[in-house]
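Could you have a look at this structure, given as structure tokens, before my questions?
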Amino acid sequence: MNKYRIGIIGATGYVGVELVRALSGHDGVLLTTLVSQSYVGKKFSDVYPQFRSICDIELSGLDVSLMKSTCDLVITALPHGVSSKVVPELLDAGLKVLDHSGDFRYRDVTVYEEAYGLNHPHPELLSEAVYGIPELYREQIANARLVSDPGCYPTCSILALAPLIKHQLVSTDNIIIDAVSGISGAGRKADLPYSFCEADANYKPYAVEKHRHTSEIEQELSVLAQTDIALTFTPHLAPMKRGMLATIYADPMDPNNFSIDDVRKLYEEYYSNEYFVRVLSDNALPETSLVIGTNFIDIAVAYDKRTKKIKVFSALDNLGKGAALQAIQAVNVMLGLDEQAGLSVLCSGV
Amino acid sequence: MNKYRIGIIGATGYVGVELVRALSGHDGVLLTTLVSQSYVGKKFSDVYPQFRSICDIELSGLDVSLMKSTCDLVITALPHGVSSKVVPELLDAGLKVLDHSGDFRYRDVTVYEEAYGLNHPHPELLSEAVYGIPELYREQIANARLVSDPGCYPTCSILALAPLIKHQLVSTDNIIIDAVSGISGAGRKADLPYSFCEADANYKPYAVEKHRHTSEIEQELSVLAQTDIALTFTPHLAPMKRGMLATIYADPMDPNNFSIDDVRKLYEEYYSNEYFVRVLSDNALPETSLVIGTNFIDIAVAYDKRTKKIKVFSALDNLGKGAALQAIQAVNVMLGLDEQAGLSVLCSGV
Amino acid sequence: MNKYRIGIIGATGYVGVELVRALSGHDGVLLTTLVSQSYVGKKFSDVYPQFRSICDIELSGLDVSLMKSTCDLVITALPHGVSSKVVPELLDAGLKVLDHSGDFRYRDVTVYEEAYGLNHPHPELLSEAVYGIPELYREQIANARLVSDPGCYPTCSILALAPLIKHQLVSTDNIIIDAVSGISGAGRKADLPYSFCEADANYKPYAVEKHRHTSEIEQELSVLAQTDIALTFTPHLAPMKRGMLATIYADPMDPNNFSIDDVRKLYEEYYSNEYFVRVLSDNALPETSLVIGTNFIDIAVAYDKRTKKIKVFSALDNLGKGAALQAIQAVNVMLGLDEQAGLSVLCSGV
Amino acid sequence: MNKYRIGIIGATGYVGVELVRALSGHDGVLLTTLVSQSYVGKKFSDVYPQFRSICDIELSGLDVSLMKSTCDLVITALPHGVSSKVVPELLDAGLKVLDHSGDFRYRDVTVYEEAYGLNHPHPELLSEAVYGIPELYREQIANARLVSDPGCYPTCSILALAPLIKHQLVSTDNIIIDAVSGISGAGRKADLPYSFCEADANYKPYAVEKHRHTSEIEQELSVLAQTDIALTFTPHLAPMKRGMLATIYADPMDPNNFSIDDVRKLYEEYYSNEYFVRVLSDNALPETSLVIGTNFIDIAVAYDKRTKKIKVFSALDNLGKGAALQAIQAVNVMLGLDEQAGLSVLCSGV
């Protein structure tokens, strides 16, 4: 079988390395070009020595015309504001693109520009870019030239709320998302707050009045609700490398006629054909360690009868379903491959 | 100066060892008797070898008549259901008692019995027992024979909400407390979910439909509000030994006339004479590592203008202000000692 | 292609779950039977919920006649003393067996009986059992009915020293192996010393006067040296789930005529055809995080000119090349499969 | 009682903050001046917010003439190469100095210059400076103007070997020190290898062919042995903030006439008057968590009869007895204070 040729731009960040890890074991694709401006000329395994003998590809600088000849599809794991300049060139070269940044996630450029504090050089691409959650936009992704990989908090929140919102079972004006991320969410950087001695054994909130991902969550939930939603979001950091968990609070639309068992059945049905969404039953609850290294999102629902508050819990790996592995899932859809290809059994029991 | 003689029953649990740690450095008291049914005849430092040369007291079985002669005050760190039987005997022997269990925290015995699933053998003591948060009940504690050390989640929640509730600045029917604890909160036990390989690098919710501490929080906030409060509470476990953080959501009573700066000033004023409550300003936020080993609770407030949601953040050490050190603070008040005695500078910079 | 049918006895321990993880992604085999006496009737994913949708096989009790009909080869991950009873029955049923215990690792039954304090019920099998390091015994493994999976410390030590010992470059009477293991080495159990609160942030030696693995290391190095070797071994525990690192000290046979560069070349040559042994150069050193989840062992050599002391550093995953993944490597050899099958790209970048 | 006035130069590094922590609870001294070039004008508690209400002293730049008027003694926690310039000025101003750097630890300037690759601007001070292990040099420290705080690995190694070396019970030509440190040993810095995501769950050796501390250990052991000692040293990093453990191997001088019980008694006797050295018996072994936050060093001895190898295990807190707390112990001796003042009960049970 001919394999699709994949290039990665921004291969040495934490999203990049997770892409390389999973794609190295993906039978349907071939990694051809790894771009990393910081490490041009080094081997990938010089930067991540655990990849010695697994991926020793030489890292190169960005050369779109070269990528045109070596790749069928390019995954960009670049900072926002950089992607918006690079992606159009890749598209012009005839390449399919999966972009992992905030630059192409928005339908309305003014929302993007306010959230990111940047002018968008190519707003015309926003209407073309497909939001890359296959569970919601599978068909559009299959036909897209440009897919935008969602943020980690948005994926964790949107999939957790979609059945409730879609079926208008909850009030849309009092939703609270309280979420926690592992430290890799901050990226591969040497800042003091992320040093071992400062971050270990510490739990803390951040960005408590404004976080970019809020607008992204609201956009997608508003589409599902067919009405504008504003919600409250608070992110936290926990002392672990990977993992994300959202605890979500919402009010039932009709508390006098509400059954959490019915809601659970609704979730099971809503996601019955989705391999990567695991709806938990029997009082099981999501835990971050149960999804690390995987593309799964685990979801459970609960109900506080006394206060008539619905709780939804969702967990994913911020580098997995929250970033690199969801990107590969979408790439599989874009290329017409088995959606699970390269995404099986990366988890760990210990 | 004559030192007060203190005994501890349940000295080898995690609350017990933190009591021993702090009291060993307390100039105004003398540890005389350490009771631990599991380790009778062993030295305290046999169980906790870090205490070699610091506390080598021999552990004894429970003997109330002996304690009568060796102690002025006894701290009980026993499981609920056990305290309710032991404490009355201690009181009968003429001892002052600080009890760290749920057994004497409730004003209404039916609430206790529902929360703990136990019959209370001495409900007559509930009206006498003082709820041991000195910031709220200092005078009563000073005159009490029996003080009940509050739970960790309740301390973290009540002190965080007290100014808002007391001043009727928030609606009392939509309060959500989303909280996280370090693993020592589960006590010193060898259960698989708390083993290193299962608990490290894992974040998870638990007791999501019902947790005992909810009723305790509601009781105290209802007193402050002078009306019954029911609220939503969700605890989580984070992979760290110690530390607790609450993220609390509440609705302003009058959103059209609301200023978060005014609220912050109110907090500063409300706690202006309280050494152990640190109200943060300048956008600083609580972090668990900043309170570990101390009796401090750090509190910050924030406001989401878009959704008109107040957020209160509070952090404490679940074994510190959440248990053993708050117990010592209350004991200091009970004995007329300097309230800070034995509670200075236990923190760590790294 | 017909897949070989594999059964695992002891599937829910930490070695078992790592076997399931890797074999679930192995194209050449099919997991048919998972035996776990403690969880009969439950699904594997009930015990390890991360395996929901990955491995939902129902766990069964031990039934050799059933395994005879459902398996081509059985991997036993049982405690020592149990394997020695079960394995002969499996062999009698005509099954090939890969045993992960100490019961069939010894050539001399008296050494086993002293190390393990047990009588061996089937010493006649010791001469048949092949010691399962493919790098040393590939051909014998290929033809074996019974292969014994080596211990973690022995694998880490033997492969690190083999080139030096085989080529008689070091004195055999002053070898010191100072090694550290992650906590999963203690197995899946709920003992207090392995609880999160006791084990986190702690480093400690154990079994410092006698550890079973010493005799296993000595046996294999003595074979390579063609002379009896007694060596000094000290294991330690570090606060991490997985990983093992050995720091080995040895004296050059001829210090006046010694070149560490020549030694490094010798290692490279010795292991030039071994995919799973990575000899490091350019002053790179092994780190446990670089081999986690893999079947690699990383080895580096250094020399202290002042004291004429050779240092060899080796790192592996105690559950990987130190247990389950080496078992799969050996199983691949036993079944005539590609030796790397199912063992690619399980590592993680973060 | 008049309190001695103490200044700290380099107050915001990890040694600095541990000095501030312990001195804040020290009854006999007063912290007057905290110098931190990086944070001039900020409060100490701005840099370490856990110190809010504990130490809010404003950080100042270095001004020797000011320190002359505000301090009786200055502790310098500066990088090597900087101390050697600043300390002479402090001495000239009439101040007593405790220096925590490598600059004044050596008797022979050529050893210093080779180990640190620097010219020493004031070699004349080396003969005056006292090596600050009170257990070895108490009297000289009491009379010193300049005391040099030893390195962490040297303290851990020298005290562990002193009884054996002093009594000529071991051969001096085959000593191996295999040691591990927590990550705070690298100081407060934002380097990628010390970031949480790179350092957590990782164990690794470093500086395996040459580490500065080797020469410092050799110097002091040579003095004790009255002969030149060269030894082998290998440091490692374990994933924990604090703590250090050395596993030391040595050959008995007379293996045919050797008793480990006699050696243990010798250690007990040798350190019988030393509060901060705890010699363990009954097969207890040092663990890093048992000394964290304290000035204790725990030592145990063991013997491998088969290989006739003595093993000595020693554990301390690299920021405690290995740095800041030993500095305070020495300062207590310099000032004629109780040697334990400010050093009691900083440990933690959990």
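By written order: A, B, C and D. Residues from 1 in each chain.
In this section, a residue touches a chain if its C-beta (ideal position, glycine included) is under 8 Å from a C-beta of that chain, and two chains touch if they have at least 3 such contacts.
Everything quoted here is computed from the prediction, not taken from an experiment.
Taken together, chain A and chain C share the touching chains B, D.
Distances between chain centres, each the mean of the C-alpha atoms, put D farthest from chain A.
Chain pairs B-D and B-C differ in how many C-beta pairs are in contact, and the one with more is B-D. Our note on geometry: chain A versus chain B, Cα centroid distance of 39 Å, whole angstroms. Distance between chain B and chain C, defined via averaged C-alpha coordinates, is recorded as 47 Å. Centroids of chain B and chain D (each the mean of its C-alpha atoms) stand 37 Å apart.
Counting partner chains per residue, chain A has residues 14, 184, 197, 200-201, 239-242, 287, 289, 292, 350 touching two or more of them. Remark: chain A residues 14, 183-184, 188-192, 194-197, 199-201, 239-241 touch chain D in the complex. Of all residues in chain B, those touching chain A in their complex are 174, 176, 178, 180, 182, 197-198, 200-206, 208-209, 230-232, 234, 236, 238-243, 245, 247, 249, 285-289, 292, 302-304, 306-307, 309, 311, 313, 315, 350. Taken together, the chain D residues at the contact with chain B in this complex read 14, 17-18, 20-22, 24-25, 48-54, 184, 201, 241-242, 275, 278, 284, 287, 289-294, 296, 298, 319, 344-350.
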